[in-house]
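In what follows, chain A forms one complex with chain B and a second complex with chain C.
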Partner chain A sequence: MKRTLPILVVLAVLLAAIALVNPFFLEPAGFLAFVKRAAPLVILAAGQYFVIVSGEFDLSVGSLVTVEVVVAARLIDGQESATWWVLLLLIAVGLLVGLLNGVVTTALRVPSFITTLGMMLILSGAVFLWTGGAPRGALSEAFRTFGRGNLGPVPWSVLILLAAGAAAILLMRSDFGRRLVATGDNERAAALSGVRVARTRILAFVLSGAAAAITGILLGGFAGVSAQVGQGLEFSAITAVVLGGVALGGGRGSVVAAMAGALTLEALFTLLNLYGISGALEFTVQGVIIIAAVAVGALRLPAWLAKHPPRKQGDTHVA
Partner chain B sequence: MTLLGMRGIGKRFLGVRVLSGVDLDTAAGEVHAVVGENGAGKSTLMKILAGVHVPDEGTIEIDGRPVAFGHPLEAQRAGVAIIYQEFNLLPDRSVAENVFLGREPARRGLVDRAAMEAETRRLLDELGETSFGPRDAVRRLSVAQQQVVEIVKALSVDARIIVMDEPTASLAEHEVELLYTLVRRLQRRGLAVLYISHRLREVFDLAQRVTVLKDGARVTTVPTAEVGPDELVRLMVGRELRDYFPPRAAPGEIGEVRLSVRGGGNGRLRGIDLDLRAGEITGLAGLQGSGRTELVKALFGAEPFAEGRMEPRRPRSVRDGVAAGIGLVTEDRKAEGLALRQSVRDNALLVARATAGRQARGDVRALLERVRLSPPDPEQEVRYLSGGNQQKVVLAKWMTVGPAVLLLDEPTRGVDVGAKAAIHDLMRQLARDGTAILMISSELPELIGMSDRVVVMRDGRIAGELPAGSSEEAIMRLAASGEAT
Partner chain C sequence: MNGQSLKQAGRPARPAVAALREIDPTKVIYLALAATLVIGWVLVAVDGGDFLTVETIVGIQQRSAALGIVAVGQTLAILAGSLDLSVAYLISLCSLVAAETMAGRDGGIAAGVAAVLAVSALVGLVNGMVITRLRVHAFIATLGTALIIKGVVDHLYDGPAGSVPDSFQRLGYDRIGPVPVSALLWAAVAAAAWFLLRRTRLGHRIYAVGGDEEVARLSGVRTDRVVVLTHVLCSVCAGVAGLLLAARLGAGAPTVGTDGGYDLESIAAVVLGGTALAGGKGGVAGTVGGVLLLAVLDSVFNQLEVNSFFKDVVRGLVIVIAVAVYARRRKGRQI
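This part shows the complex of A and B:
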């Protein structure tokens, strides 16, 4: 909780700043609209958190989101009746891509940076090949409801976000969650305590794939079908997680902070937008944030090392 | 003619005195052995000579001129080279590149490869080394050959005093002979060699004089011709057992066999026969590299046996070992024992969460009180704890699953006196509750004080077994030469 506080403070300040410029933001409808817009990224960041806290990266999620949306549009092609089996298929695709990322990273020992970078290119290329550059088909109304519809006054995506967030928090409190963080902190110690570190990491990638699938479903409804829908989302998700104070390299940080990081990032974009600063600057802002956040984390590390010097080679031989 | 004179060297680390008033001198063309038990101060003394540590007291003279080293490079310029047990070589660079690392000869601004290789070749020839050349990649050399590269490196900076820290620790038997030849060549070139070793045979084979250190002070310096091996051992360990240990197991308290191995072997171990009994603490002794750590890792399943029978079963993985009721407290608790940035609770529950069902959870606070963690705060991050408290958390981690067999590799290394006593008490308590315990310790007084019997390893085998209360001399003799008394 101690480590979650800073990002919550930053978030509160940004929300207050938005409210100052745009009083509508304080009304339930205004605030819910903001959360609705943020929901896909927050869910994606929660998925990315599992991977990062275990000491890995998942760069494939942006492409995966695009794949989900493009595949959904083509398979549904406007037929309402196709909605449900396509939804199941989309989740399965997300799980499968996560599984592949995890197995390649752990069993073949390919660094996840490379595994998921490769997966990102493979998926982008596949989408391009399959669509010929322009996505075909259309989503059904039922499908689009998740991204833009309401249940009473509350958007569906906000409800899905709440459910996903609660699941993520519970998961991190479970034995699996504690094993995951321990693996990210000290893989060797975890393995020698009986943790199946490979299986644990694979599950983290699978969760990230599932989060990307859900994000794709929400974004398809919210933003519509395009071959660029997931572009750059992997970096937004990583930026959000790092902004939440989660250490790259694993072992440190909470999923609540990661999700708060995503909300903060979205709030920042909203604010920039309100001040009329070009949306094109979003990438630049993310770049600055990710470097700054990691630098702050790195500054703490040398101080830690100074306090905990590596064990001296003892002259212990007889016995 | 005295080449090096160290006078009254004293050093403290964090207020703890590790060296006081140590004198050491050596002459050109002398091999001077430095011996002593663990923690006697050998390494610290050598690191002071090499400029790694700055002494708090005392003076160093080379050729009668006082010197003061604030940095290893200054020691190097004064002609001191140190060859550590862990070599400082770049595995993917060539021999010549390693020898000239950081001071490559240049010609018109480019590295003069030819000159570098020619000079390396000349030094190799001088040492009579023909089995490899300047262009070979270091990765492809044997440990013994890499040692030669280190020596060539020392010669190429015109070292006159070479410190060798346990040079034979990682060498095979036949390579030791080659090292002897090499050391004698250095000696004939007029270098002084300070030779740190615990292997008494080497001391008597090579050195003209030997300095014995004990508890940070010099006991004596004598010509090797005037002292025998038994006398030397007595000088090294001769002291009272001043530590207090909990009483040993009474004969009735030692119960059934909890773990048994017959003919256990793998890459590092051969023909291991061992029984561990409920209620008994078995001490495991052996020189570094004798296979102690490898044995406990094999028993646990982390580096499994490839052959042999084991009851109740031969674990093939860590989880297999844990399922068979075996726990391992590793030698290096920071690298292998703890997730340092997690809480005490998360560390204490790690084994249970990884391997047992929900029922094996128990009351964490009560457990922390039982291992006498002070304060018993489950939310504290482990990295902020003292070494002793960290080790108690590691013990708690295993106690959650109540192992039948607990393997402890150096359980009190780097632990303060109070925590040490607490860990000793806890070990005895666990034994009394029916756990079979195997303990490795490089501290002989501890090993003798705690063990109901001592098993001694040598070269990957069990060299023999000694009863409770055996002397340090008896253990060392068995460990060093395989001879029982």
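This part shows the complex of A and C:
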């Protein structure tokens, strides 16, 4: 909780700042619209969290999201009847890509940065090789409902986000969650105390793949089919996780904070838009804030822990 | 005196011992490069083409020069246990700085080059200081810098701007026999980096910091200073690549760095060359091999007129497989 608090405070401040400029934000509809827009990134960040807390990276999620959307469009091709088996297939693709990432990283001992970088090239190359360079086909109405439709007053994507968030929290409270954090904190100690380190990490990658599949399904509905739909999402997800105070290199941070980090990032975009800092300079502000947020987090640690020895030195450096 | 000479002897020992114990990945990459050349030559010959023409060889060098220069700089940062994701946007920025400063005048060349070197060194300094002083992970620090530069460049420019004089464009296109000037520039940068790493104190310190920062610090290395310096050098290399690309385009372009994918591609080339991503192991020779391998692959595919998306698939596979092979050779050690 102590580690989750700072990001929740930042999030609350940002949300309050948005509400000041735009009172509509305080109404349920306005707020739900914000959460709906943020849902894909929050789910993706939760998936990325599992991988990062186990001490690895997943750079392949951005192109995996693109693959999911492009594959869905081509296979469904506007037929409503195809929706359900395609949805199942998409989830399976996500799980499979995660499994491959995990196995190559653990069994072949390729650093995950390289494994998932290679996977990113392979995925984006393969999918456009298959469709001939540009997305083809169309999504069905039933498919798009998940990303942009509502169940009563509540958007489907918000419900899916709540379910995914609850599942992530439960997972982190289970034995698996403890094993995952132990693996990222000290691989050797975890292995010596009986954790099957490789299996735990593979599962983390599989979860990230599944999260990317769900994100793809939501974004396909929300934003439609394009070749750029997943572009840069891997960096946004990693940024969100790190904003939440999760240490790159593993072993530190909570999944709630990671998801709050994603909401914060989305709130930041919204706020910048409201204040008219749109377009290119948005990136500059984003860059400054990311560095500043992480720096503040890193600087605060020694002061807090002045009485206690730091638990792990140098975890701010390269994993 | 005795202790001094012991220390002197001790410094280079680490890479040397490591090289004895493990088969050198540099050899693997050059073997792979030779194999790719032979296979490519056969494939192109079967296809009815002629692979080893002067044109192809010049093409390979032209294609690899810019990436090669960036990758040499990236090697320094990675060896020190860091990495730099901001090089792609920095390249775009530097191409614009060069073209805007020169503004087509011959007299502006010196000023343009100086401005690019200053801007890139400053960006490297900022990267290094954020990483060491603010203790921000290199991944986030350089990603943040990348976003900052992207924002500034996209805000100021919509398309190509400025122009470089004809005399400067010769850097991009002239060649001496079969060797383009740009390749010579790359060779000079690589040789300088090789000399730095193998023959100077700073070089040994870079290996020490990348191998184990804490041990290096306890042995009296000012680790922060080393990390900052590698980032300055890495950014300056990106600046030089920006100059080269400006010379080739005749103008500055806000997307030239990202279109080339120089950030991830340079990291891939470094790792393909056998440098450990965690730092402390590897070198420039491997990186040069890695860049050449990527360029030869590209050239073979171009001649066979293979779909560009298929190229990406193969490139991804090659990178992962190569690193898996190196990992096998380093049995018992996690990279």
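Methods note: the second predicted complex is superposed on the first by the 278 of 319 C-alpha atoms of A that agree within 3 Å, B and C clash if a C-alpha of one lies under 4 Å from a C-alpha of the other, contacts with A are read in each partner's own complex, and residues count from 1 in each chain.
In this section, a contact is a pair of C-beta atoms (placed from the backbone, for glycine too) under 8 Å apart; a residue touches a chain by one contact, two chains touch by 3 or more.
Just so it is clear, the model here is predicted, and its values are computed rather than measured.
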Chain B or chain C, by number of chain A residues touched: C
Partner chain in contact with A:286 - chain B first, chain C second, else both or neither: second
Chain B versus chain C as contact partner of A:79, first or second or both or neither: neither
Contacts of A:178 with chain B and chain C, given as first, second, both or neither: first
Which of chain B and chain C A:238 touches, first, second, both or neither: second
First (chain B), second (chain C), both or neither touched by A:117: second
Partner chain(s) touched by A:228 [first = chain B, second = chain C, both, neither]: neither
Partner chain in contact with A:186 - chain B first, chain C second, else both or neither: first
Chain C-contacting residues of chain A that also contact chain B: 313-314, 316-319
Of all residues in chain A, those that touch chain C in their complex: 57, 59, 104, 108-111, 113-115, 117-122, 124-126, 128-129, 133, 187, 235, 238-239, 242, 247-249, 279-288, 290-291, 294-295, 298-299, 313-314, 316-319
Chain B to chain A touching residues, read off their complex: 36-40, 42-43, 84-86, 165-166, 169, 196, 198, 285-288, 302, 318-319, 322, 328, 330, 332, 334-342, 346-347, 349-351, 353-355, 358, 383, 397, 410, 413-414, 440-444, 447, 475-476, 479
In the complex with chain A, residue positions of chain C that touch it: 81-83, 130-131, 134-141, 143-155, 213-214, 264, 267-268, 271, 277-279, 307, 309-317, 319-320, 323-324, 327-328, 334-335
Chain B partner contacts - residues on chain A that touch it in the complex: 175, 178-179, 181-182, 185-186, 188-196, 251-252, 304, 308, 311, 313-319
